[in-house]
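Think of it as A, B, C and D in the order they're written, each chain with its own count starting at 1.
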Amino acid sequence: MATTTYDKEITALLVIDPYNDFISEGGKIWSRIRGVAEANGCVPHMLQVLNAARNGGFRVFYAMHRRYRPGDYETWKYIAPIQKVAWQRKPFEYGTWGGEIRPELAPKPGEIVAGEHWCSSGFANTDLDLLLKKHGIHQLIVIGLLAHTCIEATVRYAAELGYEVTVVKDATADYSDKEMNAALDINIPNYANAIVTTKEVVGSIASL
Amino acid sequence: MATTTYDKEITALLVIDPYNDFISEGGKIWSRIRGVAEANGCVPHMLQVLNAARNGGFRVFYAMHRRYRPGDYETWKYIAPIQKVAWQRKPFEYGTWGGEIRPELAPKPGEIVAGEHWCSSGFANTDLDLLLKKHGIHQLIVIGLLAHTCIEATVRYAAELGYEVTVVKDATADYSDKEMNAALDINIPNYANAIVTTKEVVGSIASL
Amino acid sequence: MATTTYDKEITALLVIDPYNDFISEGGKIWSRIRGVAEANGCVPHMLQVLNAARNGGFRVFYAMHRRYRPGDYETWKYIAPIQKVAWQRKPFEYGTWGGEIRPELAPKPGEIVAGEHWCSSGFANTDLDLLLKKHGIHQLIVIGLLAHTCIEATVRYAAELGYEVTVVKDATADYSDKEMNAALDINIPNYANAIVTTKEVVGSIASL
Amino acid sequence: MATTTYDKEITALLVIDPYNDFISEGGKIWSRIRGVAEANGCVPHMLQVLNAARNGGFRVFYAMHRRYRPGDYETWKYIAPIQKVAWQRKPFEYGTWGGEIRPELAPKPGEIVAGEHWCSSGFANTDLDLLLKKHGIHQLIVIGLLAHTCIEATVRYAAELGYEVTVVKDATADYSDKEMNAALDINIPNYANAIVTTKEVVGSIASL
C-alpha cells in the first residue's frame, strides 16, 4: 500500500477501548486475546502510535465501551448477543481496575474521551461524531481492541458517516487469527482507506 | 384538548435538566427563571408528575445537559452561540452542587439517565433514543427546563425520530413569557401530540 | 451584528424547501405566507443569495421536504401533528407542479439535493449531514421556508451536529409575524452564529 | 439454534438490495456471486421468505443501495474504498435495468422502500430507522445481498440502534465462501439474535 500522508488539521488518532480488562495482565479478557496480541505486538505498538501522534501534534480521541454497571440490562426488552455477554461477564466494570484505561495509554489533558458506547461502534449513540466535527477532523487513524468487533464496527461507522480511515493492523488484537483475518483482510479493506503497520504510520507522521 | 390516555408498556416520563442550577434557590440560572417558574408552579408540578409516573408504573428517563468541565470548549473550531454561553457561564459545573439534580427529583434505582447532551436536544449525540428503544418506548411525557431551548429541542427531535410526545406546560419554565409562548404556543404544537396541565396528565395516569 | 466572512472551502449555501407550493403563485401554501413573504422580499432575496453563492464559487445544497405520495401515512402507528397536516393537505405532492422546485431556484449541475425529510429538519433521517461532510463543509448559509418549522428545525439540528450557521432573515417567510419572530428573534439566535440580511450576506460573499 | 417465534406487531422483513445487478442473469455483479448464490439457493429462498412474510401478515421493508447517478462522487473530498468501486463500476445505475429490483421480489402496495444508502448500512443516512419506528417494529428478519457488506453492515447497525435481528443464512450470497463465512460465522453471531435457514424461518412464520 502506498505511503499515506496525514494533515494534522483534519486527522486525529482514535484509540478504542484501551481498558485493563482487554490489554493488561490480569484483565478479564486478556487471557483470551494474549496469544494474538503478543504475536502482533499490540500493546507496545499502540503506545508507539500514540506517542508519535502526540509528538506530531495530532489530536487524540478515545472511544470507550460502556463500563458495566449493575442494572444496565435487566429491564431491556431487546438485546443483542454481544450485549448478553457483557451482561453476563461484566467487562470494564465501572469502579474497578478492569474498567480503567491501561495507565501508559491514558488520555493527557486536551485529549478527548467520547461518551461510552453500548455495543461495538464508538460512534453509535455517542458524541464521537460531534466532537470530531467540532475539531474539523475528517480522517482517523485507528488503534485498539478488538479487531472484529469494536474496531471493525467503528471503522464501518466512520466510513458510513463520511470519514476516511487508516487502521494500524499491528496495533490491534483479537481472540484468534480467524477473527483478525475476517476484520483486517476481508471486511475492513472495503471501509478503511489504508491498513498499515505501526512502522509505516509512525514513519508517515514523523516525516511531516 | 381531549383527554389523552397512556399505555405504560410504550410510554415513559422524560425529565429534562432538573439541575439545581436551574430550579433550586441559589442555582446559577434560578434567578433568571424564578418569576416564570413560580408563577407556573414548575417545580412542584414536576414533582407531582414524577410521583404520578412512578406510582403508575411508568418508566422514567432523564436527559441531562453536559455538566461543564474545564477544557470543554477551548479547542473547538466551530461553536454555537448557546455553547459560547455555556463556556462563559459554566452552568451545571461538574463536581459542584449546581451540577447535581435537585434532590427530590433525583432518579431512583431502575430509572435511566441518558448520556449528557452538548447543545439542547436530549437526543442529539446521546444514547437516549437507544435506551428508549431498548425498553419499547414510543411515547414520551416531557417535563423540565427550559421551554424554548432543551424542552423544545428535545420535543422536536422526538418527533423527527418517530416518538409521540406530551408536554406538561406547567411543569416547565423559561426566562420570560415571551420564550415560554414561543415554545408552548407557537412551535411545540407542531411536534407534540398533546400539551396538557399537570392536573390533566396526573389524572390520565391515575385513571389507568 | 459584525460582518461575517466566509471561506468557500468550508461554507455552503443550504436552500430549504423552495417548492412551488410554498413560494409560487397558485401553490397550496403560498396564500397563507404571501403577506409575510412579500413584505420580506423572500423570493427575490432567495434568488439573490443563490446567485451570489454561485458566483462566489460556494457549494449549494438543497434540503427538501418529503413530497406527498399516497400511502405515506396510512400505516403509521405514531404520527406528529405536523405530519397529520401533511397527510391531510398533501403539500408538495409527488408528480405535481406544487412538488417541483420553483424554476429559477432549481439546482444546477453539481449542486446537491439531499434525501427528502419527513418532518421539519433537513438533517433528520436524510443524507444531508453525510453529503456536507463529504465536501468538507462546516458552515452553512441558510435560506428558505418556513421560518419556525423547517428553517428553525434545520438550524437547530445543524447546531446540534456541529455546524456553524448563518440565517438570512429576509430570505425566509412564515404564516405571520408571530411565527417569524418566534423563530428569528427568540429561538434561532441561540443556534445560529449570525442572522443577517440578504444585502449583508451578498456583500460578504462578493467581497471575497 | 432454538426455534424463534415472531410477533408480527413488532417484527418486519427487511429485504436488502434485491437489484437485478446483484441477482439476475446479466446483472453487473451476478457473475461474481453466482457460484455462492446458486449453491445457497439464494434467490429462490429470498422469494420463499418474502412470500411467507406476506402470507403471515408481516410488514415488509426494503433497504436499497444508492443507484449510481453521474456526478455522484466527482466532488467528494473524502471517499471510502467501497465507494470508489461504486464510482468506477456504476452498480445499480439509475434508469437502467440493473438498477431495478428483480421483478418477482418487487415491493407490493403498502410495503415500504426506505431512502437509498450510500455505503453499506441500510440505516446510515436514511429514513429506515424512522420508518421502522413509525410502525412499531423492534425485530427484523433480514434477507438479501451481500453478506459481508450490506447485510453485515445493516445487521450491525440494527443491533447498535436497538433492534433484534434474525438473518436468513441461505437467503444471501457473496463473492466466495471466505466472505460468507466471515459474515455469517464470525461477525454476525455477535449482533444477530438468530441465524436460521429459510426452512426454519418459514416454519416459524407459518406456525403463527
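Quick note on the criterion: a contact is a pair of C-beta atoms (placed from the backbone, for glycine too) under 8 Å apart; a residue touches a chain by one contact, two chains touch by 3 or more.
For clarity, every value in this text was computed on a predicted model and none was experimentally measured.
Identification of common neighbours of subunit A and subunit C yields B, D.
Fitting subunit A to subunit B on C-alpha positions gives a rotation angle of 180 degrees, to the nearest 5.
Between A-D and C-D, more C-beta contact pairs join the chains of A-D. Each chain gets one centre point, the mean of its Cα atoms, and the points for subunit C and subunit D are 33 Å apart.
Distance between chain centres (mean CA atoms), subunit A to subunit D: 28 Å. Shown for subunit C are the residues in touch with two or more other chains, namely 77-79, 118, 124-125, 129-130, 133-134, 136, 138, 160-163. The touch graph of the protein chains shown is complete. The residues of subunit A lying in touch with subunit B in their complex are 59, 71, 75-79, 109-110, 112, 115-116, 118, 124-127, 129-130, 133-136.
Considering their complex, residues 129-130, 133-134, 136, 138, 160-163 of subunit B touch subunit D. Within the complex formed with subunit C, the residues of subunit B that make contact are 77-82, 118-121, 124-125, 138-139, 148-149, 152-153, 156-157, 159-165, 178-179, 181-182, 186-187, 189-193.
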